Amino acid sequence: MEHFTLLNPINPASTWQLLIEFWQFNDMNVLWVLIGSILLGISASVIGSFAFLRRRSLIGDALAHAALPGVMMAFILFQTRDPLVMFLGAVTSSFIGFFIIDWLPKNTKIKPDAALAITLSFFFALGLMLLSFIQGMEVENKSGLDKILFGQAAAMTQDDINLLMVVTSFILISVVLFFQKFRLIAFNASFARSLGIAVNRYELLLALLIVMSVVVGLQLVGVVLMAAVLLTPVATARLWSDQLKNILLLAGAVGALSAIISTQISYLAPAMPTGPWMVVSLSTLFFLSLLFAPKNGLIKRYLQQQQLRQKVAEENILRTLYKLWERTQFEQNDFSITDIQGLRAMHTLDLRKTLKLLCRKQMLKESAHGFRLTDMGLEQATQLTRRHRLWENYLNEHLELSPDQVHSQAERIEHILTLEQEKQLEEELKDSRQDPHGNLIPNAKKTKTPAHPSKQARSLSS
Amino acid sequence: MNKSTRPSPIKVQNLSMRYHHKPVLTDVSFEIPEGKTIAIVGPNGAGKSTLLKGIMGLEPLIEGNVSFFGEPLAQKRLSTAYVPQREEIDWDFPISVLDVVLMGRHGQLKLWQRPGKLDNEIAEQALKDLKMWDFRDRQISQLSGGQQQRVFLARALAQQANLYLMDEPFAGVDVATEKAIIELFKTLKAQGKTIVCVHHDLNTVGEYFDWIVFINARLVAAGPVEEVLTKENLQKTYGGRLSLLNDLTEEMYRTRLNQAHDSD
Amino acid sequence: MNDIWIIATASLVAISSALVGVFLILRRQALMGDAISHSVLLGIVLAYLITDSRSLTVMLIGAVFIGLLTAWLSDTLHKVGKLQSDASIGIVFTLFFAIGVILVSLYAGQVDLDQECVLYGEIAFVPFDTIIWGSTENGVDIGPRAFWAIGIVFLIVLTSIVVGFERLKTVTFHPSLALSLGINVVFWHYFLMTLVSMTTVASFDAVGAILVVALLVIPASSAYLVASSLKSMLWIAAAYGQASVLIGYAMAFWLDSSISASIAVMAGLLMLITIIVLEVQKKVFGKQVKAALKAS
């Protein structure tokens, strides 16, 4: 891409210089903008979480677009850039948008997703129409109204910032005050209603809070991308926790962090709009969480799978050795890899690896004659065999299955049966000694009871 | 039990399906006879509808095999007609009764083809058989529940299949519709067709059907009504004694044990 | 003469969008339409930066690629990340759009796009950006680029719908039936997304991203309220789209406002009128029924 040049190439030295300046807060304005954006990040994320939980993730998108005509109209009517006037205008038209999004699916054939898209695009078009009208008007102060499309932190005045701080504080306080009710309504509105809670009033309050947080963020993030600030933080937080309180805190933290990063970048490159950078930081945090989150992250899931696979392989081998030993009437103890592969199909390399692992865990002992179970290994193998065969009996009693089916199902379940469940099975099956194939079920104790030779090797499939 | 001439209309082997981690169906195997009416019966959430959808390839199987008249579904689509539950549809869709029924003729049409004269005649006959011909130009949003069901059945009929799979056709319909459906069953049986229904009403199952398949996440029993409709089987199906089984199978799926195990 | 080019281009935009929009509405994928029309910005910018060409084919390919990527990534995020489907859509398209805006402002002036133009286009400039066929000396000026862009897309959309009409109808009305009949539902889904991507990018010059959404969704929704068959819904949606263009253009002229915005607003007003008429009809009908019941 050498034919394209960056407008303002990044000069490391001056960048570092600027960064230091930023954090020294020599420019008070910078500090106020930073605080304002952090508050915005927190309040939008928190209130957006409730919208997300009510399955209306993209309502922030529609409401942000719906605010545009209100801003324009307020300007046309009052000819002022006073933040409070702009704010009220925006809130009014956004609220009308909210009402329409609600009304359309309830009273016409139109479905909720279409209602969102219709409101979003219609109001936005109306706003743009008014903007173009304003641009033709002979008035002062009209420039910069279009900064609201993508956000521009640098364009904010002290008044703007004051309003931002007041509104976001109000939002956060309301959430803290009404947390219990909001949570109940988000989870199960009809139950809340049955308890006598005035659900409609709280829903109205929630709507108002969503509208306010969207409107107040427009200057920083812009109309088009505001949706992301409400939606991405909670999506990220959910990857880390299941508790609502923690989700809200995490979402707020994510919002705040992204606000800091994007304000920083905005300072370094004042010509660029701030909104996109906030979205990029939020998305990066989201995708990183998707990969690395301890509970649900993709990498974690992959590692868990690998661990499980290893455990299953080990246990399978232990059981196979037990079976081999049982078949020789408990005489022979050492078995080779070929012997093992005779009973259980496994790649030689994988088999060798797992055998080595088991030796290291002292479950097996290797010698010139082959592999044998140690005492510890025997205990484990006995327990596994016991569970396998108990489970086969259980299946046989309750369902009509062929011996093959019984065996293959038990092959899997044996790895996750717990001691408690084992006891439960014993009680239910009232003392059975043999599994459906005629093999003896080993006792819970370490000692092995000698088998009746005639009952051995009745079926090949075990 | 089996006609030695033709393979069974449906043969299910070791079918397992799930929803998220919940084991909906595990290791189900059965075969159904031709020319009979078969009911799939079990408690709510037992996997009956899911079984039907799995058989029709509408939802993924974890494992298992289904054959239709001895061949895979792809080879036998023209012989198979599926009637889903009514809830699935957007009843606000702009479409008339006749057009819905004509949709059933699609299996026979190529990409760019429109329904022709023959298709229209078949659709007309199907509607008349279900006594819905007078409604042919109505919007489906204007129909009652029973009428909607009959439109779906007419569509299946228009497919001129040999095997009909229906998901709760009797649910929430009026007496007239119920009678119409029974009449339809008789007519189809007389033509040697096979009908498999998910059915929810134990009171009528013996009356309307020849065969029963009892499902509760597993196959409990399958066979002719006289043999299989017993107290013991009802107990096993509806008795709810399989909690340990379900818990463990769920745990297996949650930890993806089945994948870890089988990939050796 | 210029007016005619403008109206012709706008009409093609409105009609193509209306036709594709009908399927989006019926499949409840209006938000995916919104998402794709934002994402294609990134597609256009990337295509331009990589190939240094503003040719139509390049733009279409870039747009289709990103459009399909948006649809696929949203779907995957939903399945693998276990995220609600509209949240998945939201995260993907806002990211793509943000990256697009950043790229545009980083290379501003050199990419022949500016942020605001991208959002709402400026159809008034369309007539001046024309294509010269043949050499620069004795070539023939065959009209505005934007007109040809949307013209080609319109033909593709129209042909696809006509040829695949029965399939599209079945897949849209009842996907499980379609599946059980052996129709490849996944193919048709991505095929529709391809049409959306092409329509969006071709409309960019004329009306910009957000207004494409208006034309995709609003005329089709108005038609949904009154149509009684899929075929008539397509015709009626196209009619609403065309009407929005003609009346909207007049309104823009009268109020001296942005043409594209006025067209979109007009689409909304026409829908509003339709709803009001239907509501009145309902009430009148209700009264008639009451009167009839009283009389009997």
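Letters are used for the chains, namely A, B and C, taken in the order the chains are written, and counting of residues starts over at 1 for each.
Everything that follows uses one rule, which is that a residue touches a chain if its C-beta (ideal position, glycine included) is under 8 Å from a C-beta of that chain, and two chains touch if they have at least 3 such contacts.
These figures come from a predicted structure and were not determined experimentally.
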Fill in: Winner on C-beta contact pairs when B-C is weighed against A-C
A-C
Worksheet entry | Label of the chain whose CA centroid is most distant from the centroid of subunit A | B
Worksheet entry | Centroid spacing, where centroids are CA-atom means, of subunit A and subunit B in whole angstrom | 36
Worksheet entry | Inter-chain centre distance, subunit B versus subunit C - centres from mean C-alpha coordinates, in Å | 39
Worksheet item: How many angstrom lie between the CA centroids of subunit A and subunit C, rounded to a whole number?
Response: 32
Discussion item. At least two partner chains per residue is the criterion; list those residues in subunit C.
Written reply: 28, 224
Item to complete: Send over the residues of subunit A in touch with two or more other chains.
Response: 109
Worksheet entry | For subunit B, residues that touch 2 or more chains besides their own | 92
Worksheet, complete the sentence: Note: in the complex, subunit C contacts subunit A through residues 25, 28-31, 33-34, 38, 49, 52, 80-84, 86-87, 89-91, 94-95, 97-99, 101-102, 105-111, 115-116, 119-120, 210-211, 213-214, 216-218, 221, 224-225, 255-258, 260-262, 264-265, 267-268, 271, 275, 278-279
Discussion item. Show me the residue ranges of subunit B that touch subunit C in the complex, using the header's touch definition.
Written reply: 53, 56-58, 74, 77, 80, 82, 84, 88-90, 92-96, 99-100, 103, 106-107, 109, 111-115, 139
Discussion item. Under the stated contact criterion, what part of subunit A meets subunit C in this complex?
Written reply: 1, 3-7, 52, 55-58, 61, 65, 107-111, 113-114, 116-118, 120-122, 124-126, 128-133, 136, 146, 149-150, 224-225, 227-228, 231-232, 235, 238-239, 271-273, 275-277, 279-280, 283, 286, 290, 296, 298
Fill in: subunit C residues touching subunit B - in the complex, by the definition given at the top
26, 28, 163-167, 169-170, 173-174, 176-183, 224, 227-230, 232-233
Response to the item:
In the complex, the residues of subunit B that touch subunit A are 14, 26-27, 29, 92, 218-221, 236, 241-242, 244-245, 248-249, 251-252, 255-261, 263-264
